[in-house]
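Look at the two complexes coming up: subunit A is in both, with subunit B in one and subunit C in the other.
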Partner chain A sequence: MRMIDALTRSMRASHLLVALLVAASLVFAAIGAAMGETFYLRLATEALIFAGLALSVDILLGYNGLLSLGQALYFGLGAYLSALVLMWVPSFWAAFAVTAVVSAVVGLIGGFIANRVRGVYFALITFGMAQVAAKVVYNTRALGASDGLIGVPVIDINLGIISFSSASPAGFFLFVLGVIVILYGVTAYLLDTPFGRLLIALRANERRVPFLGYRTMTLRLSAYVIAAMIAALSGALYPMLRGFVSPELLFFSTSGNAVITVIVGGVGTLAGALYGSVLLTLLKSVVGSYTEHHVIVIGLLFMGAVIFLPRGLMGIVRPAVERMLTRRSKP
Partner chain B sequence: MSGAIEYFQFVLAPQMLIGLVVGVAVILVALGLTIIFGLLDVINMSHGEFYALGAFIALALASIGLPFWLLLILVPLVMIPIGYVVERGLIQRVFHTSERHVTTLLLTFGLGLVMEDVFRLIWGPNPYRPETPIAGGVDVFGIFVPSYRLFLIVVGAAIISAVALIIYRTRLGAMVRAAAYDRHMAASLGVPVRHVYAGAFAFGVALAGLAGVLLAPIYSVFPTMGRDFILMAFTVVIVGGMGSIAGAVIAGLFLTQVQAIVSLYISPVWSDPIVFGIMVAMLMVRPQGLFGRLGHG
Partner chain C sequence: MTERTTTERAMAAHSGTAPILEVRHLSVSFGGLRAVDDVSFTVARNRITTVIGPNGAGKSTLFNLISGALRPRAGHVLIEGTDHTGEPPYRVQAAGLARSFQITNLFFDLSVAENLRQAAQILEPRSMMWRPIGASRAAHARVDELLERFGLTAKAQYPAGKLSHGEQRRLEVAVALACRPKVLLLDEPTQGMSHGDTQDTAALITSLAADVTVLLIEHDIGLVMSLSDHVIVMHQGQKLAEGAPTDVRNNPAVQAAYFGHA
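Our next item is the complex of A and B:
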């Protein structure tokens, strides 16, 4: 049996936690479908879509140590691209393909600009880029200006074996669950390869990595482009769910929410992004039913996490799962 | 030739004057931001909410009948202990972690969210418009200027000069600059670094609060009033150089003039993207900004 190190072990713990989340989601979808429920299924679908955005923030913050305050730029890009493609050809595959290609190119350009600097300057430059994009979209008549694009058609998603409509709450929930799990899987796989290890090394000591013969710029740029693509592909799901896109998707509040999600869920755990998004959506709808000032509660929770729980929710849960895994593999 | 003069007098000059008012206002907010960054290395994401807090405190005090002139002194005095407590009670808790930049930024971001929603809880989402303390207007070289705006330019310039004098010409300012340059050396020379840090943070947010009082009669008071303004203030701080007072003043004047003049020729909605574009370009080419940091030359 091959030795497993701490990183692989914690990654396995994350996998187990995500598997748990998927199982819970399947039960939820079955109950929801049986009861003919729409509202909560749609809400859960939205939570998963924003989990994808949080995942992309976690790649940068958790593995690269770079705080992006403008990840909404790519999320919004994906949403607008997908809406435009769907209004032209109602094909899910076309929307995803266009989003993947364009977001890779835009991510490369954005990454080239943002990765010239690090630390707080990275946070501010990503923030600035997203602001420029948001203002431009907000003022462009062809993109619907402040109204956004409305009337994105309901599409049939054809997966070869089965085909279903994006208007079916349970069907589309399961589809989004599948997409997010694939995005999680790809990310987790990449971060467990030597490339992922190099990113962690880069975070620990950026000056030493070039002495080992690696280009830091290439590494940072790759991580940035992967994060951009994941944010954009998650965003591409949004118009399929809601039937419209609005410039709010590009605003700072969207980027900020993704950062809150990652911090509350647990930085650098990937699973934390998914759990954080579910937790925050749940909290918003529960607290929101009592008072319209749910931001106070979420803001205080967030501040508490920053001060007392730097590893977030996963900081409590994951070590326990890791211990469980080691106990099982020992004898 | 006379056409050019008329164009200047009736088109360009009024626009530049409006730009100057905005410029002074932005510099007041940016000064606190840049001092806090220069000394503490903290990006205060809640700075816009402290600006709003100043305006709301003024609103509350004015409702019990206090005159505007008294508020100009009272509000900063109320803000200083608030800022001091926030620095000691919140920021110091994460100040010594390895990724201080990120954690303090996140903490102040959370604080800003909470503050904004508390304002909404207490005062509701609708804007209040305080009465303009000085009514009427004056004629400056053939341009009509509301008196209050002229007053704002004069008072703003006086405050900016006073801040620069305190930082660069007094013993207190020398301690601040020493702590910004090398906190350990400053501490061993007897500078009470902990109090200087908390004091500088309090001073910075008090400046933001003062700006809130001064600008309330022009821009109204509402919970999200800090948001739009803080973007411009951040841009000014980045372009001028984070932690540079001279940089904040020059970049503040420059960027607001660009915004004012550009909106004469193209739709004003495009002036924001242009200003942010300048910021992004600056971060790419010269991330440290036009000028060096506080205490570093």
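Our next item is the complex of A and C:
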């Protein structure tokens, strides 16, 4: 038997598509920097940040087969933690470390609650948990209540070899691109291990898995915690970009948008989360400049995608890339 | 029922004197229905023991109790002398017991090879869980071996759901066997198979008994007679009789309860 099977080949096709996106981003950053552009670079940075959130939704939906309607809980958690840390010590490393640790713990607790149930009930519980968190934050003075936390300082990001300000549009864009590519890389790596394959097995037929010698709760919890951490680390980038955080980050609109992103981009493709986010963020901004009813346009677009592109953008593009890869590997 | 100390049990297990599988006074009810009612027996090592009985006799429920799919209301399940009663399936699996299902229970949208790889992965050290899939060489070697043995090599990259019924039934057995279990429970492996496939599968099961203990549920009486070393007859949740195939066949109570229906 060949060591590369269909699932690994699909993953390689995703890598290629992500590499393409990275190349396009580098060109975009170069042009943007040369032109002294700010608005579109910052918009693209935001697209990448929300791509990280979408990636976490795809781990659960595309691999584990679980629809989370509350992934904003972890995104918002990361954003608030990062804002609080940065207001205290202006170090991106500190913000990331605190976010990683706290989101792992909160994810474990949330995972224990949400993974007691499946299907629609999982969706409802994740939704409920995020709503509760949003309401708590909204009503907590210390967290700025409905105003959120403002005045997150601009920080210097020191990567050893280079150092730049989070206020530099091109520099910060490239930094976020790097972080998201690393999050993608880690996710893609994990999903192509026997552990990742077990998540696919859970989606395919959960009842069979215990008889193969695995505890399903451990697997589901692990996937949930990994997704929570990826959402939170993406969220941690948000206050570095915008200089503030607000309770909206925890609202259902944030979770819902991430789900739409994944469905439009292609469920279970990982690359789709990134492309979908770029597409939707761009559309929202372009349409938003013509009409304030951009939500309607996005809604219609989503309906169209579900009806005409049920596998999403990458669901169509990726198989073509896979065929290309197979042809090339055959002499 | 005699109570033994853990040490005694462990020693018995170690010296190999404990039966590979023993069931003591196993019972479970669904509402008022006593699906399995005070069933006891032992299974001899590297033999084929077959459970027969009319539809609804409680055979599959018995398998569910042994494999951890269901918790018994009373009684014990011992594997090599160690009590595994009421443990979840993944623990029972770790004790060396694997099973197949009467209703085909595969990962239908995954390939045949991947179905087998998922089941063979447990042969690898735990650390391989976090390494790229291709690194699990022992698991992949086991997959090749099983594909060959079950005549599925040509279909290795097919989704399991695209196989014919007979092929799916064969894969179901192969998946159960992939982890190199000590005890293999097969619930009607030949169900719905053509005559030719049934004969092939019977030959395959016979060949298994060289290194696995097989507990089988089978309806085809001809097959039961030729295949089994030992037969257990169930009827209305209870064990009606057990013994050598011919003895069981000639048992009047069995003929009345079971062959009478056939």
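As a working rule, the second predicted complex is superposed on the first by the 328 of 331 C-alpha atoms of A that agree within 3 Å, B and C clash if a C-alpha of one lies under 4 Å from a C-alpha of the other, contacts with A are read in each partner's own complex, and residues count from 1 in each chain.
One rule holds in what follows: a contact is a pair of C-beta atoms (placed from the backbone, for glycine too) under 8 Å apart; a residue touches a chain by one contact, two chains touch by 3 or more.
Not measured: the values here are computed from a predicted model.
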Quiz item: Once the shared chain is lined up, is A:131 touching subunit B (first), subunit C (second), both, or neither of them?
Solution: first
Quiz prompt | Superposed model, subunit A: greater residue contact from subunit B or subunit C | solution = B
Practice problem: Applying the touch criterion given at the start, work out whether A:300 contacts subunit B, subunit C, both or neither, answering first, second, both or neither. | Solution: first
Practice problem: Answer with first, second, both or neither: which of subunit B and subunit C does A:113 touch in the superposed model? | Solution: first
Quiz item: Should A:178 be classified as contacting the first partner (subunit B), the second (subunit C), both, or neither?
Solution: neither
Exercise. Once the structures are superposed on A, label A:319 by its partner contacts, choosing first (subunit B), second (subunit C), both or neither.
Key: neither
Exercise. Examine A:210 and indicate which partner it touches, taking first as subunit B and second as subunit C; both and neither are also allowed.
Key: second
Quiz item: After lining up the shared chain so the two structures overlap, which partner does A:153 touch, if you call subunit B first and subunit C second: first, second, both or neither?
Solution: neither
Quiz item: What is the contact status of A:7 with respect to subunit B (first) and subunit C (second): first, second, both, or neither?
Solution: second
Self-check item: Interface residues of subunit A shared between complexes with subunit B and subunit C
Solution: none
Quiz item: Once bound in the complex, which stretches of subunit A touch subunit C?
Solution: 1, 3-8, 189-190, 192-195, 197-198, 200-201, 204-205, 207-208, 210-215
Quiz item: Contact residues on subunit B for subunit A in the complex?
Solution: 43, 90, 93-94, 97, 99, 101-103, 105-107, 109-111, 113-114, 116-118, 120-121, 231, 234-235, 238, 242, 267, 269-270, 272-273, 276-277, 279-280, 283-284, 287
Quiz item: Once bound in the complex, which stretches of subunit C touch subunit A?
Solution: 67-69, 88-90, 93-94, 98-99, 105-111, 113-114, 117-119, 121-122, 124, 128-134, 136, 139-140, 143-144, 147, 156-157, 176, 179
Quiz prompt | Residue ranges of subunit A in contact with subunit B within the complex | solution = 61, 65, 67, 113, 116-117, 119-121, 123-125, 127-129, 131-132, 135-136, 138-139, 256, 259-260, 263, 293, 295-296, 298-300, 302-303, 306-307, 310
